[in-house]
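Chain IDs A, B, C and D follow the sequence of writing; residue 1 opens each chain.
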Amino acid sequence: MRVTLLAHTPEPERLIASAAKLCYSPVGIDALREGLTDGAAAEFVGMLAELGHESPIEHITFTFGIEGVSRSLLAQLTRHRMASYSVQSQRYVREGAFDYVVPPAIAEDAQALAIFEGAMQQAQQAYDALGERLGQLQAEALEREGLSKKAAARAAGKSAIEDARFVLPNACHTKLICTFNARSLLNFFSLRCCNRAQWEIRALATEMLHLVRAVAPSVFGTAGPPCLRGPCPEGKMTCGKAEQVREHFALR
Amino acid sequence: MRVTLLAHTPEPERLIASAAKLCYSPVGIDALREGLTDGAAAEFVGMLAELGHESPIEHITFTFGIEGVSRSLLAQLTRHRMASYSVQSQRYVREGAFDYVVPPAIAEDAQALAIFEGAMQQAQQAYDALGERLGQLQAEALEREGLSKKAAARAAGKSAIEDARFVLPNACHTKLICTFNARSLLNFFSLRCCNRAQWEIRALATEMLHLVRAVAPSVFGTAGPPCLRGPCPEGKMTCGKAEQVREHFALR
Amino acid sequence: MRVTLLAHTPEPERLIASAAKLCYSPVGIDALREGLTDGAAAEFVGMLAELGHESPIEHITFTFGIEGVSRSLLAQLTRHRMASYSVQSQRYVREGAFDYVVPPAIAEDAQALAIFEGAMQQAQQAYDALGERLGQLQAEALEREGLSKKAAARAAGKSAIEDARFVLPNACHTKLICTFNARSLLNFFSLRCCNRAQWEIRALATEMLHLVRAVAPSVFGTAGPPCLRGPCPEGKMTCGKAEQVREHFALR
Amino acid sequence: MRVTLLAHTPEPERLIASAAKLCYSPVGIDALREGLTDGAAAEFVGMLAELGHESPIEHITFTFGIEGVSRSLLAQLTRHRMASYSVQSQRYVREGAFDYVVPPAIAEDAQALAIFEGAMQQAQQAYDALGERLGQLQAEALEREGLSKKAAARAAGKSAIEDARFVLPNACHTKLICTFNARSLLNFFSLRCCNRAQWEIRALATEMLHLVRAVAPSVFGTAGPPCLRGPCPEGKMTCGKAEQVREHFALR
């Protein structure tokens, strides 16, 4: 997994503080902004975070590049609808020799790993064989419709992978660019940094949290699972490890 | 694929007509509604559709049950963010003997079908073997933590499938319940009933369109790909079959 | 203020329970629904509400007719973006003799009421006078462009109110139809039924809560301000009246 | 009206081009970005705009400071739900001597202007008188509850304006900070730069368009009313001035 912060709103904390102060102030926008030192902005934003006033933090957005994650993760991630996604398409991009995610519990055990890697090879072989056979069938059909042999082969290659991908596994790598505003991120971190979240999306969320904390520490200082801010809301389903979780997410 | 309309807003066209008339009328809501016969509502809604005034149609919603579709389709469907989804989880539901979608182009050719079904069997075997091995490892770990053999086995079985599912293919069946409002549906139909859309989601969209047309014909009378309402917007990428498409989606 | 529930998803609690159960069940949708008595659905939905699992309740929607509220309220209400609105337009609908909201604190004091009603009369007079003058100016302009006296007068009357409405007060009545799903409603009730919310939108939210509780008691049983479900989150800003609030919103 | 661009995503066109290319490319994100000169990014973004592929432009956001606009405009603007708003509150900020918008058609005619300014003065007087009377009543009530004269007066002053604002006119100035992504802006410009839109929001939208065109010309080169990109969709309701409109919005 490789996660990078590709872009974000400049001076994010000053922008949030200006927007929040505007709601309760008769002063003009320029004067508000000039009156805000970085320190004052950070302090004000920290106070908003504590009060749970989330609406002003929508003004800042963060764009992430994410590579080397599984299609399973993608399915979970894109359920967060308050975000924008551009995802590498399996319909259009042929998987020459596809990369894949190995779950840690599998990587740690030779027997499980052997089963897993065998399955990946079989999937690759089936994908290649299907791509070839479907490509051949489609090329023949296109030639019957009057295309030249060469043009038919090219067009067919493209559309064959659309159906061949049905054999590709959940583990298959994908990459994407996504943009969240800070309010949507807080919600995402609250759900997905939790110890009960699935391991891959928890790893992604934790990495994203570290990246945004570096540029907006007052906004994300207490971001993460709910147990950072109060008692665990999961009742009987709690992981029971709030202490370690708190330590893990402590601001460095 | 099995698609059913589980629920929808009652008297959808009268509700839309009331909401739209309200914007331009000094009359009260009760009087507006009483003055609307079913015929008058349908006619008014048809006029809104022609003018492209979409905001009043947001008031009506449709809930679909969808079964026997692939995980590939799910990934495409859930990219439509103006909708609500409840999806069967591969994290929690073990795939005893998983069902799968066979793409038509594969089903039609014995050689391709043999490759495909072989791949499905291999995936099932790897899934079962991984589930067993991971379950055994986790049970051992839980026993070392002090759980009884029986409790450990049960807990382990649950978490093992979470990682085993990484070998499951895109073709794997899933089921879901989703709710769209009519405006979001129009957008969905415009993109996904198009001849250039991938075959599985096009089949789903077409089926959904038939279901909603039956209960709100004036709202969805011209719904479908853009070529039903004007020239194809795809330029050089056009399928070139607007005539057949128009016939296919003609109101019966 | 007059609030009516114009429409809602039929059998709302059975739909929610079906959607929620689907996520964790290998059973088909029909079988799931058939296995759900009304009592079982209600119980299951109550459990979801306690666990805070909100995503399945998005499947049910509620449409309200709202009349006799102020333009101030409208400004607050439409800030809730997860909803659909159709609002009577001041641009198109002439205010013959506009109705208005009198805040209770003003209605209770003869002196304040006199000031207030005087202001309403002055606003009405200015609105009428401006409409007339602007209409006359515009009619003259249209006649110079070649329209007949009659056509010019009619066209001018329409556009004159667009500018005349700038003198209309916040108190001015408006009416609207709006649709929320249950998840968005829970958020709305949490913020706007709170004792610290402004009195008019609190009255509206409370009325809406009573209407939806009657049709989906298990979904909305603990809906309302946060103090119904735990300690007040407002810190020093608390109203300090959680006891009365709880009594007020208790299920009857 | 004063509109400023307070912040935007840095290097907006390179980000969009990277996101769009990713969907159809096997190459990694870093390599994609490095391969993009500013010129190549601009050209690619222009091509996306022509094809109407809007999803990648969601990744860039723009934050505006807006001052000196009417409450009427605010009501129209906040109906655009795909945006984030922080608005000066009339509940909390006392209008010492409120500023107001004068519609041009009124400013141009002495008689209309006299009526209008009279109405503004009457509204201000009623607002002040109500604030004073309500403040006095509330202070008395608070003193009866045991507060000191001074504390009572201060608390009362705050809550009195909440009801006094019911007499304030639509023309009353407000200020706000709002953030839109580029896709939502395109929709906003399409609706609100149109000659048939109300004059004040048209002026705002036009100003916003000029500001974003300066930083992302390829994204917004053909942004504006639909008649910039094809025939007017308003049918009989057309303004009939597409030629002038096109000239007005031509890239300089």
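Throughout what follows, a residue touches a chain if its C-beta (ideal position, glycine included) is under 8 Å from a C-beta of that chain, and two chains touch if they have at least 3 such contacts.
Note that this is a predicted model, so its numbers are computed, not measured.
Among the remaining chains, those touching chain B and also chain C are A, D. The interface with the greater count of contacting C-beta pairs, when B-D is set against A-B, is A-B. Interface repeat of B-C: among A-C, A-D or C-D, over half of the contact pairs recur, by residue number, only in A-D. The copies chain A and chain C differ by a rotation of 180 degrees on their C-alpha atoms, rounded to the nearest 5.
A centroid comparison over C-alpha atoms places A as the chain most distant from chain C. Over half of the residue numbers at the interface between copies chain C and chain D are found on both sides, making the touching surfaces mostly the same. Spacing of chain B relative to chain D, judged by their CA centroids, is 35 angstrom. Each chain gets a centre from the mean of its Cα atoms; for chain A and chain B, those two points are 23 Å apart.
Chain C has residues 85 in contact with two or more other chains. Considering their complex, residues 70-72, 74-75, 78-79, 81-82, 85, 90-91, 100-101, 103, 105-106, 109, 111-112, 115-116, 118-120, 122-123, 126, 129-130, 133-134, 137-138, 162-163, 165-171, 198 of chain A touch chain B. For chain C in complex with chain A, the touching residues are 51-52, 233, 235. Put simply, chain D touches chain A in their complex at residues 4, 6-11, 15, 18-20, 22-26, 28-30, 33, 55-56, 58-59, 61, 63, 65, 67, 84-89, 92-94, 96, 175-177, 179, 181.
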